[in-house]
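First chain written, first letter: the chains are A, B and C, and each begins at residue 1.
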Amino acid sequence: MFKLIPQEVKFFEMFVKSAENLLKGARVLKDIANDFSSLAENAAKLERLEHDSDQITHEIMEKLNKTFVTPLDREDIHELTAALDDVMDFIEAATERMVLYKVSVPTPEMKEIAEVILKQAEEINYVMPKLKEIKHSQIIGHCIEINRLENEGDRILREAVAGLFDRKIDPLEVIKWRDIYDYLETATDKCEDIAVTVEGIALKYS
Amino acid sequence: MFKLIPQEVKFFEMFVKSAENLLKGARVLKDIANDFSSLAENAAKLERLEHDSDQITHEIMEKLNKTFVTPLDREDIHELTAALDDVMDFIEAATERMVLYKVSVPTPEMKEIAEVILKQAEEINYVMPKLKEIKHSQIIGHCIEINRLENEGDRILREAVAGLFDRKIDPLEVIKWRDIYDYLETATDKCEDIAVTVEGIALKYS
Amino acid sequence: MFKLIPQEVKFFEMFVKSAENLLKGARVLKDIANDFSSLAENAAKLERLEHDSDQITHEIMEKLNKTFVTPLDREDIHELTAALDDVMDFIEAATERMVLYKVSVPTPEMKEIAEVILKQAEEINYVMPKLKEIKHSQIIGHCIEINRLENEGDRILREAVAGLFDRKIDPLEVIKWRDIYDYLETATDKCEDIAVTVEGIALKYS
């Protein structure tokens, strides 16, 4: 028993750590959207944060493999860990494409979606430290807000793509931005996955 | 016991309701393909049907969370419910893009694929009311047909994309239609998922 | 008991058979990359190999449904079988698009990625016959190498897409090649899935 309790606490601490790292990443994404001249250095910053995320993910998974009695269902731990890491991966992939494809200016919609992702990361950071106590009443509202933000992100990106067509810009630029938008949309989707998993945990244990 | 039996029946009734709603959606898609001037109003109709589908899905999931003993494996109920909802989502997403991207005429292949999706929805509606009795012999043939239709849909859309290239049309139009085709292809894939789940259920319980 | 042992052996034999078939496919892909004039006949060859893969997959799944005690977790058998089949499917899909889209010359990056996929298939073929004995020490190194190759494939294809933009070629050609690259990237991803599943099995049983 004695040995298990610290380990249980550890999982929750590591989720918080992963969420904090994600928040850093979402802030860098917003910095890029606000000042595109900072793209190169901020993309490099995101690459480092993405490595940190991989490291945290690896630690959680290793602990999961070694822990016999887990404080949450193994599957939930797995899903939460993977989704937290995925958000960071997709933010990083989007900015990497901005560098690689040499896009010159951010679209207005890129700024909007960066704002949405930052808000989602903030909500995730409200929720994560409360997961240990699993107070459903304190968690549910934030989960709903993360879902609402995902819907807002969907709408923004849907219109962003339509905007690319309307402006009749170079088809190659359309292809580049659609690619970048895809990664950003998947980042918001993965935030929603986190909310769904957290809500499921809160329902199960409350 | 008394309390469980009506609940069991309820799940099957709700699957039928979801399938019926899907059939309505597939019919509207075919209406659009046949008369593209009706796009705006029919897309609005699909949006409402998609909300109805969300509502039914939500009811099933809520019942699933509250029901201790379910007539089928929880996982099967979950998969079937999600796939039924997904088909509707992707049909609606495809038509929404037609509106948003301002495509002017449907391609011939769009008519063909709308026909395939309608046939799949009809097969799903043959099967769903029979799921309760789980008569494998009555179910299997329809599942095979849904799979065959998915293969046919694949072929149609593969050639549809090649056709876009062959006609050397505006690259922006190519991008738009490929996007729409993607949603329609995923709709047929999700119909196949339904068939696979139903067949799995029939095998398990027969 | 007597009846179960031969069946257990059968699963491992069938994995080996599936991996060998995949290796044949990866070799044909490389033949295409090296001599594009052979595309038509080699694409037809891949279609036949893909059918063989479907057949092997079907046999394993059928055996899985009929076998009460399996030598590995059912889920692992399922995942491994599906991933082996997926790699072949995506190799075949990529070459089918080359034919269908009438691309005239392979890009240099296509040759590189074909080489990566062949190496992954070779590693998979080193590992698969050792799975029966589940010697973790003999398996782990190959799994790491398959992951490394997936990362290398990612890098190649990321730069391949950037290269399409840089060369300012016809946007329709860009769309075609991105499509083909997507299938090839998914093929390398699925090889990584195989490595992850195999490593998980080796960890569990060693």
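Definition applied: a contact is a pair of C-beta atoms (placed from the backbone, for glycine too) under 8 Å apart; a residue touches a chain by one contact, two chains touch by 3 or more.
Quantities reported herein were computed from a predicted structural model and do not represent experimental measurements.
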Shared chain contacts [chain A and chain B, defined touch]: C
So chain B and chain C are the same sequence; what rotation in degrees superposes their CA atoms, nearest 5? 120
Same or different for chain A and chain C, where same means more than half of the interface numbers show up on both copies? different
Centroid spacing, where centroids are CA-atom means, of chain A and chain C in whole angstrom: 29
Pull out every residue in chain C that's touching 2 or more other chains. 171, 175
Chain A-facing residues of chain C, complex: 158-159, 161-162, 165-166, 168, 171, 174-175, 178, 203
Quick one: which bits of chain C touch chain B in the complex? Just the residue numbers, please. 65, 96, 100-102, 171-172, 175-176, 179
